[in-house]
Structures are given as structure tokens and as C-alpha cells.
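Both complexes below contain chain A, partnered by chain B and then by chain C.
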Partner chain A sequence: MGSTGFPGGAMARRPLHFIWIVDCSRSMMGKKIQSLNAAIQQAIPEMRTAARSNPGVEVLVRAVAFSSGARWHIAEPTPLEDLDWPEVNADGHTDMGRALQLVAEALHALPGHGLPPVLVLVTDGQPTDNFKEGLDALRAEKWGEKAVRVSIAIGDDADRNVLRKFIGNAAVEPLDAFSSGALVELIRWVSTVVLGQAAGDLKLPEKTLAPPPATSMETADDDVWRAS
Partner chain B sequence: MVFAMMSPPLAYDHLEKSARSPSGQMPDAVRQKLRDIIVEHGRDLIQTPEQCAGLIADEFADSQLEASLLRTALQDGVPQELLDPRVPTPIQVNRLAKRLEKQRGLEASLAMSAVQAWVYALDLGTPPLNDSGPPSGLGEEDAPTIREAGRNAVAAALGASIAVYNVTLLVAQPAPLRSLWPFILMSTPGLFAIGGLYTRVAGMVMGCLLVAEPTVFLGGLVVNNGQRAWFLDSGLLELLTAYLCWRYLYRDKRRTIGTRA
Partner chain C sequence: MTPPDPTWRVVTSSVRGRSHALHDRPNQDAFGAIQTAAGDLPVIAAVADGHGDALYFRSGVGAELAVSAALEALQQVVASGSRAPDARIARAVVGAWRRKVSAHMASVPFKEDEIRRALAQTRGPPADFSDDPFLAYGSTVVAAILTAPWSYYFQVGDGDILVVDPSGRTSRQFPPAEDYDGDATLSLCLPNAELGAQTRWLDHTACPTPEMILLCTDGYAKSFKSEADFLQLGPDYVALFQRLGVEGVAQELPRYLSYATENGSGDDITVAIVTRDPAKAPASASASASASGVNETEVRSRASGRAPGRASPRDGLDT
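The block that comes next holds the complex of A and B.
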């Protein structure tokens, strides 16, 4: 008998891979990148809370940062209990395609059965590299195709069409964050509601995401990322 | 930021002061950086406007107002059309600036500054950067037209041959009265030489001078001092022009004919 008191030991937990894909290009410099860092840091405790309601699932978080090229910001699949968010900095271009390739390579190494991973793409711009190549590589992977893909568009400049292609589901639109408050709200929603759904429903990816929170434009923030 | 989808005029009001230098152009640093992007990635970059827009957004993160103008022009197809070899750049510049003004609601000088920045970036025979100063204190948008006009004016002035006269003694019997006869002959470029009698006393062959397309003319004076008549014309330029006409209008034609044969 194991330490949990269950016959046969502890219940096996199914891994759920959650990957942040964050834009660290120069256009994110300033308030946007600060807000992104703060939003993810704030979301981590809430992710832990959400994960506890699915004890059979072990959420493993990773993060890719892309600017001129792409790199693993959190390279190892990290359990929520151990997760910390080292701040990212902004500089360089928006090599989103390279980031998707990196994610595709990681998904390739996952076992053939399990929960579909959650991929969250956060960007404020347009890809400066070959986005299609990256997306094709991602969707060529079994888990890339099955993944729950969500995207958050920061400000007006984010290319919604590119994000729709990333999502690959006509029923799901990119989420618009026009202020730091809205970004926090959306990050929290993605980190809790989407994560919870993904953990609880093996067949989630097909058009079943809960509606995102309504982010108001009438915010007290002084950093409204709109042209008008 | 991209303003393309916004209600036009108000959205650009705040750009008025910041996106231009006092000469009506974008700051040199912005234009040069845009040029650097094109040089680094090649002109083919503008065939993928999304990628180009992404680079502009990242490279001009500190100059978002200028970036929005450049991206608006890019989305409107300005750089792509500037590269169309069938239409001269000065004509394109004015046309595209007007189109930006009408379709995107840009204030006229902002529209022109955006187009001119692309002209500079694509190295399409653009005026120098602000450091050198625009010609005659005029805005850069006027420069192509001014250059065209200036070139024509120089050609016309040369053709008029006002300054360089060649004195030809009229060998025949002078006219009976003292007189000073100004004259001007006009012709077409192809009609570069006219042979003929000028007066009953002259009987000389006179050249007709090419000036500038589409009209050529010859200016001169006939001076009659009562004893002899002097024909003052631009003989030296006549010879030069006749040679050029022969070379470009006739010799090339012969060569073409010869090739075809």
C-alpha cells in the first residue's frame, strides 16, 4: 500500500502539457511585455487551484519565447507546484514560425496517448519569418493537430488572420487584449477555464471552449493598446 | 500601430507634428532604417506585406506613429506600385499620395511623406536626406516635378542659344536699310536642319537647332548696318545638335533597319 492509502499506491496522473508561446519582439517592449509577465505570474496560483479540481491530471508547463528566432523559456515540462515565471524581455523580430517549429519538435516527443496539449500563443504583431512553414510543421504532428490552440492578440497590430490560422477552428476567435487589464483577464481565463476544460474532457478540442470573458474597453488603465 | 480600419481623418490628426520633419518629410533615421530593412531583405520583401509589416512594427517600436504611416502605405500597395516600371516614379508618387489621402484619410503632407519614405527605401531616384536640405526650400514632394521642369528649362535655354552666338558674315549684297531683325524658328526634333534662303541678300544655308522635346527652336538676330548684313545665330550649338540628331534619329534608325535586313 502506498502513502496515499489507496490499494496499489497513488493514482496515476495523466500529464497535460500546457505551453505558452509568447511574443518577445521589440514591438512588445514596455507596457506590453511588463503586463504579460505580470499576468502570467498572477495566473500561476490560479492555475494551481484549477488543476486541483482535476486530481487525475498533472499539468506540465513549458514556454517558448520568440523574437529574432525562438527559444525555450521554460524548457522542461514543469509541474505547477514547481512553476515559476522568469520574466521575458522584448527585443528583435517576430519569428513566430520558428516558435511553432520548436513546439512541433517538442510535441513530436510526446507519447502517443494522453490528454491533448494546450497551446497558448500571445502576440502583438505579425510574423516576420515563414509562419506557414512553422504552422505546417505543428499541424503535421499528431498532438499539434489535436492540441487546444488558443491565441491572445495584444493591441490593434496583431494579425488576426494569422492567429485564426493558428487556432484552426472557425468557431474560436483570437482573444483581443487592448489593455493590460484585459490581458490579465484573458491570461487568467486561459490558465484556468481552458486548462480546466482540457483536463476534464478528452474530446475537448472540437468547438467546445467556454466563452471567454468580456474584456471591456472602458478600463481605468492608461495603457490602452488601440489606435484610437 | 495600424490605423487602416479606423475612421480616417481624426485618427491621423495627432500625427501631424510628430511624423514629419519641418521639411515635410519623415525623419531621416526612419527613412534610413526602412531603407536598411529593404536592403537587408531585398525588394522581394514587399511581396509579402505581412512579413514586411511585422518587421516595420518591430524595427520602429520607438516610432510608432511613423510606423503606422509606413504600414498604412504598405497595406495600400504603395511600395508595390512604386516598383511598377511602366509608370515614372514622379507620377506614381503624386498619384499614390493622393490615393492615400482619399482612401485612407491621411492629411496630404503625411500621405506624401509616407510615399516619399518608400521611394527612398526602394532607392527609386530619391532626393537626399534632410541633412542636405530640400531644393529651394521646397518640400520633397515637389522635387521630382522641379527636377523635370529644370531639366526641360535647361534644354530649352540651350536650344534657344541665347548666350552662345556664332557670327556669320552674310556674303551677299546687304539690305538697303539699317535694321535689326529678331527671328525665331520652331521645329520638331526630327526636323533638325533646314536649308533655305534667309533673305534675297543672304542666300546661305541655315541650320535649325534642336532644343528640347517636343519643340525645337532657333533664336538669333540679323543685323544690318546698311553696308553689310550679319547673321548672328547659335552656330556651334547647331553643329552639336545636328550631330546628336543624326546620331540618335538617323544613325540608329539605319542600324535598326540594317539589323532587320
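The block that comes next holds the complex of A and C.
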């Protein structure tokens, strides 16, 4: 008997790894990066609420920021109760492929069984490095292939074909954010609904996401990211 | 040293998962056992896990029918006295389940509001229950037969079977499913479910008779930090039976399982343990001879707490 006095060894909730992959390139400067920072920070309390619906699951959050190269913005898998979002700044290119390689390396280290991770890619542009190499590295990993992969396309210039390849599911389209209000709403949806579904007990093999919220372009914000 | 004619006992228990309690959902596991003559072999035990998602709106019933089907089909295996092909046994279990589900549907047809609620809460393309009514009853099943000369293990979907041998070594009968992760599983409700059945015969002339067999739904294994932590259940339960006795463990088992769901998976957890009784004297020859024919003690119980039929507390059967 272990130190708990109950049969069996150490117990633990099931980990669910949630990884933000965020574009910090030059074109994100200004209102886009401000909105992204605010949206993720605001979503944290709602993520905690969503996670409480599945008390047998421990959500662990990390983040990769990419511009010229890619780096871990939150490197350690962080429990939601400890999570804070340090703001990211924008400048440089859009090395999305390198970001996916970093994520692939992290997923390689995960144990063999568990809940599939959730990967959320947020970008307003096109990759400036070898995206295919990064995506291939990601999908060559068991957990990269099995991950719930979601993407948010900010504005008109985001390469939606690239994002569809990242998602890898013909039934799921990139989410479109053409305003700061829409970005906030989509970040909240990904953080809560997608997280809740990934943590939930859907038994048969096909995990299908609930439809995302409709985001209207008609907002009171003066920051509409769409060509007129 | 193994005593001659050891007494065999079955202990069962089931607890509702912490997550299910939070969402006011019932325990959708089921369990049951059949033992020929009190304390004697053969013993057949089964546990099942109804899928619980909105789409599987009768999966609690499906789990109960899965246990019933497994016990019925495996009882035929024992009665036949010879080893049947694994594929035939798998077809028998799945076929029995489908017949029982069909009978249940005939006696309790789907109501429109049942289907409407299920579709409203279900993600993905809508299911057509007129085409595939078995979906609503989706369940796994895990079962075992223990006789003196052999044992047999059977499984469709997730769940686990641990066997402890006389040396105290604990092993899984089947490896964890590699193709499904998270909570996804094979299911009795899927087409050709019998093709996904895992089976194993153990000839006790070639390997020792198990000291203990533990069947459990997947909520138990998912509560542990590692595989080694889960396998520790084997020696720990053997020690508990020696220290507390069968009745003592039966009394404590709900508390053990509740601790696991509170601190681990949050899922429903159900176990059926077949064990040598370390305390009971061997059954006397005169007691066996006095039975007129086979005296079967049969317990089929759903974890919802519905009263079992013909339960015999003397055999350590717990609900």
C-alpha cells in the first residue's frame, strides 16, 4: 500500500496539454497584438471554469511565439490555477514552420497514453520559412497527429490554405477574425468550448467539434482587419 | 503453499464518477458474476462501461445488458466443457448483447424526446437511430472465466484485467489499446464489434492458477500516475484480503474506489475481483454432495443501485 493508505500507487488527474502558437510578426503590431494579449488574458478565468467541469483532467498550458524564429513564450506546462499571460510583442518575420517544430519536440516528450493535446495556431499572415517541414515534423509525432488542431486567421492576409493543412480535417475550417471583437470571441471559444470538449468523455473515436460562434464583421470597433 | 480445495470468492463494487456527480449524470457502469456452488469453481465475472455521452442515451442499460450477455455466453463456454474458437465466443457475446438490446427496444421503444435530446446535445453529424439503434446502448465489456484447469479472458473496448499469480507477480491480460486515446474506445455497438474482441486462454497445466483476477472499467487505470502505479493494485489487494478478509475488503471497496475517482480520473469506477479466500477453510466434500444439481449463485447488478437478484452475501458479493 502506498503512503495514501489506499490500494495502488500514486494517483493523478489526466493531463491535457493546451498549446497556444501565436504569430508575433511585424504585421501583428498595434491593435492586433494588443487584442491577442488581452483576449488570452481575459480567457484564463473562463478556461478555469471550463476545466472545473472535468475534475478528472488537469489542463496544462504552454505557448510558442513566432516571428523571426520561434521561442517558447510559456515553456513549462502550467496548471490553469497558476497561469498568467505575459504580453507578447510583435516584430520580425513569420517563421511558422519553426514554431511547429518546437511544438513537435515538446509533444515527442509526452507519455504514450493520455488525452490528445489541443493546439491553437493564431496568425495574420503567411509563413516565411519552411512550413511544410514544420508541419511534417508535427504530424510525424503521435500526439501531433492525434491533437485537436484549431486555427484562427486574423484578417484577409492570413494564408487559409496553410491553416487548413495545419488543421488537417476537411470538415473544419480556420476561424476568421476580422476585428478585435471577433478575435476576443474566438479566443474565448477556443479556450472554453474546445477545451471542454477535448477534456470531456466522448467515447467513440471520432472527436467532432461543436460549431464555432458566428462572428459578425459589423462591430463597434474601429479596427476591422479586412480589405475594403 | 496453496491449500487443497481453496475457497473462491467474488467481490464487486461500483462508484459514480466525480465528473458524473458534478453533471448530475448516473453511474453507467454495470457488473455481475456467476459462481457454481458457494466458494467453488468455476467463476464467471464481468464488468461493463456505458459510454455516457448524449448520443448513447441508453448506455447504462447497454452496460447492464453487456454484463448479462457476457455471463450468458461464457456460461455456455463452461458448460460445453471444451475450448471454443475465440471468434465463436466473440460472436456469441456480441450476438447475445444485440439480441438483448433488440428485446429491450421492443419492450421500451425509443421516445421522440429521447432522440431529440440526444441529437440536440450531440456534436458532429446527426446519428440515425432508425438505421443504427444499437448506438444508443453503446458499452464496453470485460469478462473472465476461472475454472480449475483453465481460465479465459475476454474484452471489447476499454477496461482492464489484472491477474496475480502465486508468486505475487501482477500482469495485465491485454495491453492498453494503442489506437485509441483519451476516452475513445471500441464498443459493442459498432459494426463487427466481435472482430475487435481481445481474448486469451490460460491452460493451468502450463502456467499457475491465478491467485486473484481483478476486472475493472477504465476509470480505475486512468486514475493512476503510471502503469506501475496501476499494477500495484495486484499485490495491494492480495495483502488487503489477507489482512482484512474478504468481507472486510468488500466493506472497504466503495471507499477505495471513491478515493480513486476523487483524486484521479473523475470517471465511474467498477471492479469485480475473483480471489482465493485466505481465511475460509476448504469446502467439505459432504457439503458439495448435498447440493442437488448445480447450485448457481447469480448476481447481476447495475451500479445504479437496483437490487440484485439472488445475491448471497456469504459469497462476498457486494453491490
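One rule holds in what follows: the second predicted complex is superposed on the first by the 210 of 228 C-alpha atoms of A that agree within 3 Å, B and C clash if a C-alpha of one lies under 4 Å from a C-alpha of the other, contacts with A are read in each partner's own complex, and residues count from 1 in each chain.
Just so it is clear, a residue touches a chain if its C-beta (ideal position, glycine included) is under 8 Å from a C-beta of that chain, and two chains touch if they have at least 3 such contacts.
Because the structure is predicted, anything quoted here is derived from the model rather than measured.
A.B. asks: For A:G155, decide between first (touching chain B), second (touching chain C), both and neither.
C.D. replies: first
A.B. asks: Using the touch definition from the top, say if A:G114 reaches chain B (first), chain C (second), both or neither.
C.D. replies: It touches chain C, and chain B stays clear.
A.B. asks: Check the residue A:A12 against both partner chains and state whether it touches chain B (first), chain C (second), both, or neither.
C.D. replies: A:A12: touches chain C, not chain B.
A.B. asks: Output check: A:S53 vs chain B and chain C. Expected answer is one of first, second, both, neither. What do you get?
C.D. replies: So A:S53 only meets chain C here.
A.B. asks: Touch check for A:Q197: first (chain B), second (chain C), both, or neither?
C.D. replies: Second partner only.
A.B. asks: Tell me which partner A:K146 touches in the superposition: chain B (first), chain C (second), both or neither.
C.D. replies: So A:K146 only meets chain C here.
A.B. asks: Applying the touch criterion given at the start, work out whether A:G92 contacts chain B, chain C, both or neither, answering first, second, both or neither.
C.D. replies: Touch partner of A:G92: chain B, not chain C.
A.B. asks: Please name the chain, chain B or chain C, that touches the greater number of residues in chain A.
C.D. replies: Per-residue touch count on chain A favours C.
A.B. asks: For A:T128, is the partner it touches chain B (first), chain C (second), both, or none of the two (neither)?
C.D. replies: The answer is first: A:T128 touches chain B but not chain C.
A.B. asks: For chain A, which residues belong to both interfaces, chain B and chain C?
C.D. replies: none
A.B. asks: Sort out for me which residues of chain A touch chain C in the complex.
C.D. replies: 1-2, 4, 6-14, 53-57, 113-116, 146, 197-198, 200-210
A.B. asks: Touching residues of chain A toward chain B in the complex: what are they?
C.D. replies: 25-27, 29, 92-94, 124-129, 155-157, 159, 162, 227-228
A.B. asks: Once bound in the complex, which stretches of chain C touch chain A?
C.D. replies: Interface residues on chain C, with respect to chain A: 17-19, 22-23, 51-53, 55-56, 123-125, 138, 176, 179-185, 187, 190, 222-226, 228-230, 232-233, 236-237, 239-240, 256, 259-261, 263-267.
A.B. asks: In the complex formed with chain A, which residues of chain B make contact?
C.D. replies: Result: residues 1-3, 5-7, 10-11, 50-51, 53-55, 57-59, 61, 68 of chain B touch chain A.
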